[in-house]
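Take a look at the structures listed below.
Consider the two complexes below, in which chain A is the common component and chain B and chain C are the respective partners.
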Partner chain A sequence: MSNEMSEEMKRFIGLSAVLTGFSKSILAPGIDPVDIKSDYLPFFRKKLAEEFKDSDLFDTLLSTFSDLSAKGLTDTQIGQQLLNNDNGDFVTACRKLIFMWYSGAWPTIISARDGQPESTVSTLISAKSYTQGLVWQVMQSHPMGSSNYRYGYWAKVPPELSAYTGHDNQTQGAKQ
Partner chain B sequence: MNVPPLSCSHRFTITAALATVIYLAGCSADEKPEQVHSPQTGEAAASIQLSPHLPLEITVTKTPPTLESLQHDFDVFSWQSFIALNWPAKPDGSPDTDRTIGDGKGGPVVWQQWKESRDLFLPDGRKPPDWNQPNQLPDVCRHLEPSSAPANRMELTQVGKTPNLLDESEEPFQTGPLIDQNGQYTRYAILTNETMFNYVLDNELYSKKGQKAFDQDADFPSSNPKENKTGSIMLKAAWIKMGGQYDPDDFHTREALVYNNPDEQPGVEPACSLEQVGLVGFHIAHKTEDEPQWVWSTFEHVANAPTKDRDRKREAYNFFDPDCKDCDINEPPARPWNPGTPHSQPTQVERVTPITREAQALNKRFHAALEAAAPGSVWTNYELVSTQWPTDADSKTDPTGAPAPSFLANTTLETYIQGHTPQGSSNCMGCHGNAADTNGRASDFTYLLQRAR
Partner chain C sequence: MSENTHYDVVIVGSGIAGAIVAYQLGKEGKKVLILEAGQKVPANRNHYLDTFFKANAKTPESPYPPTTQNPDASTSDNPLGLPDPATENAPRYTVLQVQPWQNARQCYFEYTPNDRKLAPDSPEAKFAFASSYERIGGGTTWHWLGTSLRLFPQDFELKSRYGQGVDWPGGRDFYQDLVPYYEKATNEIGVAGDKASLDRLYKQFEVAPDGHYGAEYDYPMPGIEETLVDNEYVEPVSSLSVDGNPLYVTPTPQGRNSRPGERRQCAGNTNCIPICPIQAKYDATVTLARALQTGNVEIRYQHVVSNIRLDEETDEVIGLDYLRYEDDETKTRAPESGAVTAERYVLAAHAIETPKLLLMSNKNKKFPNGVANSSDQVGRNLMDHIMYLAWGLAKDPVYPYRGPLSTAGIESLRDGGFRKSRSAYRIEIGNEGWQWAADDPFTTLADFVFGQNNSQLNGDSVNEHGQPLRWDHSLPAGSALFGESLVNTLNGIYTRQLRLGYLIEQLPDPDNRVELSTTETDHLDLPRPKVTYRIREDYVRNAFVSAKQVSSKIFKAIGALEYTKAPPPPQFDTEASKQTPTTFQYQGQNFTFYGAGHIVGTYRMGDRKEDSVLNRRQQSWDHPNLYMVGSGVFPTVATGNPTLTIAALAFQAADNILEDFSTHPKR
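Entry: the complex of A and B
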C-alpha cells in the first residue's frame, strides 16, 4: 500500500477532521499500521446506503465538503454549514460519522414510542475500532483493558491535549 | 444498551464532537484478513550479501518511505541480524570471518556464547561473574562434563566453556509449556549480549538491593552506527530434544544441559542431562538509536506448524500431527506441568497469522543466498515470521511508538496468545512496554530485571 490516499479517502479524512476536531495527521498518519480509516470508509458508506435508503448520500456528503473546502472556509465554518444543512438525513449522517470516530461504534437511533423518549444504541465495529476511539484520546487516557502506556504512567501528568488531537493549539477554527 | 439520543450540535470543537458520543455497547471482533501488497523498493533487485557484521541501524531504501517499504527494510535488518548472530564463532565469541554461515564444519555460533538470564540473576542476588568468566551450574548438573558429549558433537569442548544450560520449560509470560511431537517439553533460554550484560552489571541491577539504590528508569545502551557501537540485544531461543521424529540434520543443533528446574513448578524434581537439542524458535530484540522501543525480529523453523485455514505444505510438522483430528488447537497442556514427565500429550499448534507474502519472498531470497554460500545449509530451514518496529518512535502519546505490525507471535514462544485481540494477543512492544524492575521503575522493554533477587 502506498502512503498516497485515494481522492475519496482524502475527502473522507478531510470531512472527518472537520467534524471531529482532530488533525488529519492523527486520523490518517502518513505511516499508518492500524489503518482504521480503511475500515471506516467502506463501513460508513455501506451503513448510510442501508439506513437512509440513499446510495448517493455518502457521495453527497463528500462533495458538499469538497465544495465548502474549495471556498476557503475555516473548519469551523465548514462544520457549521454541514450541520445546518436542510437535509435532515445529511445532518444525521454527519453526527453518526462523529459518533463512529469517537466511539469506534455505530449508533442506531430508536424513535420515541410508548412514552419512551428517543434513544441511541450502539454496536462496536470491531475490537480494533474499540481501541481506536478518539474518546480515549480526548480523555488523555486509554481504552479500558488496553493501554500502551508504561508501567506507572498513572502517577505522571499526561501529555498536552494538543499532542493527542494533533493541533498545536485548541483553536478549532484554524485551518488544517 | 439504551442511552440518550444523539444530541444536535452546531459547533465543531472537541467538546461538541464529544457530546455526540454516547456510550459503547457490545463487542464484535471482526478482523479483516491481512492484505498483501508488493513492495516497490529500489533494493528489490539487489543481490544479498551474507555478512558476519551485525547491522546497527535500519537502511531505508525508498524515499519517501511507505509502511510496506519500511517493513521490508526492517525485515532485511532482521535477516542480516539473524545471519550475523548465527555466524560461526571463534573461541572468544567473535565471528570467524574466515568461515561462512552454515559451512557444515560445526561449532558454536556467535550468540551461543552470550550470557543466559540465570548467569546474570543469581539466586542470592550476588554479583555475577564477569562476561568472560565461566557460568554457574546447578549442583545436579555438575557431574556432566562437556567431554562426555559424543565425539561428533564437539561444540562444548571447542568453546572451552561450561555448557549452556536450558532451565526453562514454559513459554514467556507463563502461558504454559509447549510439548513436541515426541511428547517432550520444549526448552527455552533468554540471553543478553555483552553490552546489555554489562549495563546490568555496572549498575548493579542484578539484585533487588542494587535496583533500589539505582532508583531510576532503566535505559539500556542503543546501537549507534556513527560510533560503530553495538547496543543492547536480547534473545529468546526455543529448543527441542533431537531424536524420535526429529532428524538433527534438519536443525541447528547444540549440546546443552537440559535442567528440570524445581523453581518453575511445584513437584518438579531437579534433574539434569546432556542432550542434543535443535533450534525451533528465535527472537531478537535490538535497541537502536532510532528505535528506542527496540526492534523485534522473530524466526522459526520452517516445519513448526501449518497455517490456520491454509493448505498444508508438509506431511509432518514439529508441533502438529496431521492425523489427530480431534486435538485442540493452540491449547496449553493440562496441569500439572512437569518437564520431568517421561511423555506428555503433544501440543497441536497452528499459526494463526499467516506470514505475509512479502516476508515469504524475502525468505526465499535469503534462503537462496544461504544455499549459494553453503550448499545444504541448515539455515535454509529457518524463516523470518516478521519484524515489529515503531512507526512513530518519538510519539508523545504512545510510548510503544505505534508498532507495526500491531501483533506478532512465534508459534514456539507465544503459541497460546497468537491473534489480533488488543491486550490479549502477542504484541512485543505493547507487552514489553509495561516491564518494570523489582521497584516498579520502568525497565526499558525487558522483564529480565524482575528476576533479580
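Entry: the complex of A and C
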C-alpha cells in the first residue's frame, strides 16, 4: 500500500479538513492502517450522484475547493465561500460531508411536519465508520464501546483538545 | 446422538439466576440440565460487538440475536425495519418496539389500545412496558449495567412500615436470612466496592444496629474510581436535603473489575450497556462456565420449553416438553419436539417468559389456569423501576462519555417517612452525557451541522425555569456551523453534559400483568405475551413530581443549566397506532417515563398461598418439586437495582433445593 494519496484524495481531504475543523493529519494520517478516507471518498461520490441526481456534483465540489485554496484564503474564508454557494445542493452536500466525518453515518433530513421540527436520521456506513466518527474526538473521549484508554483515565482531565483535532488554535471547553 | 432424558434437576434458562443454581447444584454432585431457549454463548464476543458497531440504534439489545432491526427492510409503515416477531423462534421485546407498541407485526408483546375517551391524566391509561430482556445463553446480564447494591431491610416491609404494597415474606427477617447470600452473590459477581462509603449509607438506614453488615461483608475488589462527572456533585449536594433526608453521593458497588483478575480490568469503554467489549463487567456466562466445569451440568441451546406436565395425583411436576429449533436462517426445518424429566425443576426464564410458560401449561386437569397458578397470581404485579430522567450542562467541563456508564449515585433518599405518601427512589448519576436522554452526540451534532434545534441548544428554547437555552448567544438561532466554530461549539457542549436518572419504586398492581395472547404467536406457534401496564397510583406519580423538583434543586446547587424537556401531553384520543406509549399526565405536568430494565414481580413469593405463587423458599405452593428464581419472585421492586438480590436469592434457592434432596432424595 502506498502512502502517497491521489490528487483527488488530497483535494477530498483538504475540503474535509476545512469543513470539519480537523487537521488533514488527523483525517489522513501519514501511517493510516484504518484508512477510513478510502471508504468515505467513493461512498460520498456515490451518494451525491444518487441523492442529487448530479454525477458532476462531487467533481464540482473538489474543483471549487481547489480554486478557492489556490487563492491563498484562510480555512474560515474558504469554508464561508463554499457554504455561501448559490447552489443549494452544493451547500447541502458540504453539510452532509461534515456530518459523515463526525458520525460515520449518512444523514437524511426529515422536514418539519405535524408540529414536529426538522430533524435528522442517519444510517451507519460500517462498523469501522462508527468508531472513526470525529464526535468522539471533539468530546476528548473515545467511541462508546471502543476505548484505547486504561483503567482510571476517567478520573483525570483528558489531553488538550488540540491533541484530538490536530489544530492548536482551539479553545478547549469554550463557553461564550 | 443419544441424550440423557432424566436428571436430578432441570433448569429452564441460563441467565444469572439459572446459572447460579446450576453451579451450586453441580458442585454438590447433582446431575443438572439447563434448557436455554436462545442461541449458544459464542466462543468470543467479537460477532456481538461487530453487530453492535453496525447497529443504527444502539439499544441495549442491539448486539444480540435475533437482529433488532434491518435498515434494508425499512418501509414507510416500518421505518426502523423491525422484524416480524411471528417469524422468530425465540423473539423478545426490545426498546425499539416501544414506539410501535400497538403493531403486532413489529412488537412482540400484544397490547390493547386505550379508550379514546380517556382523559390525558387518567390513572386508567395503559402504556407500553419500557424495559427489555434477552433470550440467549447468559441471559440479560449481557446488557446489565453492573450496579450491585443490596436492598435495605425497610424494602422488605413496605406494607407494615408504610401501609403500601406488600411485605416480603417474613419482612425484616427475610432480609436477615438473605445477608449471607448477599455475600455469596457479591463474591460470585466479583463486585468492586468501597466499604467505607457503604458503611455510611448502612448507618443512615440502620441496616444493622450493631454496625455489622454480615460476617464476611466486604468487597472482593476495591471500588471503581469515580469520574469527574461524579465529583461535580459531591460537594454541592452535601448541603441539600429532601423530605428530611440528607443528600450525599455514594460510589456504586459494581460488577466490574477494578483490578485484573479472572476477567480484565475495566478500561472505561462507556458501553456496559449494550455490551462490554472486554468482559471487564461480570455477566452470567462466567457462572455458566463455572457450572459446566463441575462436570455435572449440561446445557442445550435453542430448546424452548413449551409445556410443564403434572402428575394428576401428587401435583408434582413430572416432565417438561420442549421444541428444538435449528440454526436455520431460512427457517425451513420444522422444530423437533422432545421431553425431559427430573426429580426437581427450576424455572429461571425471567419475569416475562416464566409466567408465559406457566400459563401455556394449561393442559393439566387440576390446573386449567396454568401451572402454579391456583392463586391466580401468575403473571400479575409486573413492575419496573420507572425512571425519570433529568439533564443539563455543567458550568465547566466535566468530560462525560468516559468511564463506566455510571459509577455513583445518591442513595440517601431510598427510605424515609415520605414512603407513606410517595415512592422512594435512588438517583443514578450518568457518565454518558445526553446519550440516553437526548440521543446524543448525534442530536446536537445534527443541530449545529444542519441548523436544527432538537437539543434546545440552537434556538429560542427556554427551560421550565424561564432560562434561555441557546448555547452561544452571539450566534443566531438555527446556526449551521463548520470548521473551528463547529469544533469549539461541540466540544464546549459535549464536555459539560450531565444526566440524572431516578429509579422510582413502582407498586405491585395485580392488573399490571402478563397474559397469553389469543391472536399472536411466534414462529414455533407458541403464544406471545399480552401485556397490560399502567401507572395508576398517585403514590408513584408523586415520586415523579418529587424527582423533577429535586433535579432542579441539584442542578441549581452545582450551577448547571437544566435542559430537561417535558414531553407533549399524552394522546389517547386518536387511532391506536398514534397512542402515546410512555407519557403520562399528572397534576397538570407531562412526564415521560423510561425503563430501568428491571422486570419484576410476576411469580411472587408470599406468606400465603392464596395471594402468592411461591413460598419464601421460592418453591411453588402448588407443586413442591418446582422452584422459580429470578426477579419474578420479588414481591416489590424495592429501591436497588435487582441483580445482586436475584443472585443472592438464587444461592438461597439452591440451598433450599439441596436441603430437599437431603430429606427426600427421590420424589
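Throughout what follows, the second predicted complex is superposed on the first by the 164 of 176 C-alpha atoms of A that agree within 3 Å, B and C clash if a C-alpha of one lies under 4 Å from a C-alpha of the other, contacts with A are read in each partner's own complex, and residues count from 1 in each chain.
Please note the rule applied: contacts are C-beta pairs under 8 Å (C-beta built on N, C-alpha and C of every residue); 3 or more make two chains touch, one makes a residue touch a chain.
It should be emphasised that the depicted structure is a prediction, and the values quoted were computed from it without experimental measurement.
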item	value
First (chain B), second (chain C), both or neither touched by A:A163	first
Touching partner for A:N84 - first (chain B), second (chain C), both, neither	first
First (chain B), second (chain C), both or neither touched by A:S141	second
Chain B versus chain C as contact partner of A:V34, first or second or both or neither	first
Chain C-contacting residues of chain A that also contact chain B	18-22, 75-76, 79, 83, 95, 98-99, 102-103, 105, 107, 109, 117-120, 122-124, 126-128, 130-131, 135, 138, 145-147, 149-153, 161, 165, 170, 172
Complex contacts: residues of chain A adjacent to chain B	1-3, 18-22, 29-34, 39, 75-76, 78-80, 83-84, 91-92, 95-96, 98-99, 102-105, 107, 109-110, 117-128, 130-131, 133-135, 137-138, 143, 145-153, 159, 161, 163-165, 170, 172
Complex interface listing, chain B residues touching chain A	1-6, 8-14, 16-18, 20-32, 35, 37, 64-68, 70, 391-392, 396-400, 402-406, 420-423, 430, 433-436, 440-442
Chain C residues within the chain A interface of the complex	49-50, 52-56, 58, 71, 225-228, 258, 265-271, 274-275, 277, 396-397, 399-404, 407, 431-433, 435, 441-442, 445-446, 449-450, 452-454, 471-474, 480, 482-492, 494-496
Chain C contact footprint on chain A (complex, rising order)	18-22, 75-76, 79, 83, 94-95, 98-99, 102-103, 105, 107, 109, 117-120, 122-124, 126-128, 130-131, 135-136, 138-142, 144-147, 149-158, 161, 165, 167, 169-176
